[in-house]
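Note that chain A is present in both complexes that follow, paired respectively with chain B and with chain C.
What follows is the complex of A and B.
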């Protein structure tokens, strides 16, 4: 019984933090006003970079889409960390008495929701711009969810690592992008199956993405407390 | 004499006493270790370049294993040490382990870079290309190299020692736990490996080649120890200086307040 109460409190705290971050995002309209146009811009520029060659673009679609998502993750995580840096908000989070793990889950969930919004618009974007065709909707959807949870977990954790240090805008990509390499590889392969460009076993890649998400979420939940105290 | 100076002088021997010796990075032991290592390096170079016969298949390029394989092994041991040090800092707040983790990361990045460069130099005549995307170990090592460069960049930003230690430890931990996933993903992705299978276990090497390789391992281990001891002592002295600066500043404020 008490375990359930504890779990309920944990989920409630996480939801509070996530709702707070999303409310701030919604009021600032950063995702809609800046991140989404940025993502579309990257898609268009990739088209120029590959000389608008339709067969090449169609073949490269999964990789280009997930590169775009990685760029967007860096921007979203930077925003998410900046919210806590201003006005000593991190101290308040620490003093609120909620479990640091709950705060971490809330922060990561808010980033994940923003990334999912971007992905939901990027997939039709590549269908329109790159002539891609979605063959398996469940596979594409599952890949988006698994990859996004992993990116949001690793991103939120590394966002907390660089929060408050000087030059954090440049350090975050150096830390986040190499760690995200498995997500790029796995999500690209799964999408290649989902888009029917390459015959691979997409679902086993989704399993790898889920593993990445689980490991990084677990590490984040454990070490977020010490990180909050340091910033 | 200003209050700062007066409080600095008595604490001078205190800094040295933390190390149980003078405030420098060398000692009689590291002097002899360094000398033996230098002689060892010269011996390996002489044996590897002159005495060891060329390989039947690979020709003269086989000689690069005397640098490539020991640096690969050394890099992975060093990064393992960084991971252990990171956990020990987060768990026990052990300064000793924190300084060790930093020292190991620097030595590891150096060795990993050496491994990548020698691997590429070997790959060009053997595979016909400097970089082979299909090689799992090469690609995994490069990603690990980049993660550890990120670790060092966090360290290089400076600031409060405790804060930097915690931030760096988390990066070290993330790098370590993701390594198996990176390896697995690259493995599935490449779906094949061009990497030379271990020549040691297949018993393909000549006696002298084998002897030189083992000598190279021993010399590399000594070189790593030498670098680690010096780098550790630099890190340890840095911590003492920071602690002393704080102590001096506090003494100066107290003197100003007349207490």
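What follows is the complex of A and C.
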């Protein structure tokens, strides 16, 4: 096996792309400076809207949280795709000879890190704002990881699909939100169990999230190269 | 081995033949100027030679790699300067070159040396490239090619946006690359300064190439 296809090279390329995207994000401060305040504001406004009915608010907490994460995903993926389309920068990925699958994994990993940062701040936020109680930390943590990987993989895949479309900023949410519906449903149910608001088997929903993540990661790794060329 | 060999190359873009049966041969050490008006197909030709476009008809190989079946191998070995710079605006010049070098697996990449050769002042090397002028970004884009040490240089309007110092640097880079055995294809809408570099000029119109006088 040549160095190009070796696992070490693959991991190195994925790390290079992820580090590059995270550095760009750190400089632009899109997630931390714009998206995170927006996400927190959404949670506060939901709190105002439903505060009169505290039991309803508590029951709706998991859904509200994951709906907010979904909005954040759309912005993070749009930003991730825009990084490659600005000034022909995708030529770096195309001309370097890097395995497209490694580039995909790197880009999805960078989106996942941003989403995890947002979730780490949003979960304590709902505990404080909505009086939610975390009954199973492992279940909540596993849900966050599995759902995040799925959203990042599906988002990065669709970001590449729409990269060549003229109205890509409009088309991306139209595609991503319905595709992410299984994540929204499964993560909400798993969190409902983790927060002790509904008696469901949360871990089985985590299994569904892991399956969604695996399928999207696999498809993304296979088709990212042709999509990158066509964009 | 020829660096570029195209025979009846056709590239269709949305059904329109951007390249309509082009024939071209370039050997290592040669500097070929492709001259033609806007829309003649020069950029399409360079992108095809870089392995970024598919052949719709005809045959072609670059650096011994087939343009139909092995475009990925072609891409690793060419350097392309297009109308855009292929730089990440939030990263500095040095960071961009490091990304290019590491992604391209260039052993012992001389990022500082490349920026020195392009004459980018030290104080601008850690500034995000989005804040540089168009000419300075173009110098960084050329430095990214220098770092990768390609066997085939494809330069689209290489003097565009550069001052006289920058144009002289490009000329010396092209001369040095050809002397080192690399093939160079320049595209320009005018003979102008690029013409002085060329060992051969071909003209392009309507997606086809025709040989011009030897210089």
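As a working rule, the second predicted complex is superposed on the first by the 221 of 231 C-alpha atoms of A that agree within 3 Å, B and C clash if a C-alpha of one lies under 4 Å from a C-alpha of the other, contacts with A are read in each partner's own complex, and residues count from 1 in each chain.
By our rule, a residue touches a chain if its C-beta (ideal position, glycine included) is under 8 Å from a C-beta of that chain, and two chains touch if they have at least 3 such contacts.
Source: prediction; values computed, not measured.
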Checklist entry - So, does A:43 touch the first partner chain B, the second partner chain C, both, or neither? => result neither
Next on the checklist: Just checking: does A:227 make contact with chain B only, chain C only, both, or neither of them? Give me first, second, both or neither.
Outcome noted: first
Checklist entry - Touch check for A:208: first (chain B), second (chain C), both, or neither? => result first
Next on the checklist: I'd like to know which partner A:57 touches here: chain B for first, chain C for second, both or neither.
Outcome noted: neither
Checklist entry - Which partner does A:178 contact after superposing on A: first (chain B), second (chain C), both, neither? => result first
Next on the checklist: I want to verify the contact counts: of chain B and chain C, which reaches more residues of chain A?
Outcome noted: B
Checklist entry - In the superposed arrangement, does A:112 touch chain B (first), chain C (second), both or neither? => result neither
Item to check | chain A residues contacted in one complex by chain B, in the other by chain C | outcome: 229
Next on the checklist: Help me check something: in the complex, which residues belonging to chain A touch chain C?
Outcome noted: 3-4, 9, 12-13, 16-17, 20, 23-24, 27-28, 83, 86-98, 229
Next on the checklist: Using the touch definition from the top, list the residues of chain B that touch chain A in their complex.
Outcome noted: 90, 143, 146-147, 149-150, 153-154, 157, 159-160, 162-163, 166-167, 170-171, 173-175, 177-178, 181-182, 184-186, 188-189
Checklist entry - Once bound in the complex, which stretches of chain C touch chain A? => result 50, 52, 72-73, 75-76, 78-80, 82-91, 95, 99-100, 102-105, 128
Item to check | Residues of chain A that touch chain B when the two form their complex | outcome: 154, 157-158, 160-162, 165-167, 171, 174-175, 177-179, 181-182, 185-186, 189, 204-205, 208, 211-212, 215-216, 219, 223, 226-227, 229-231
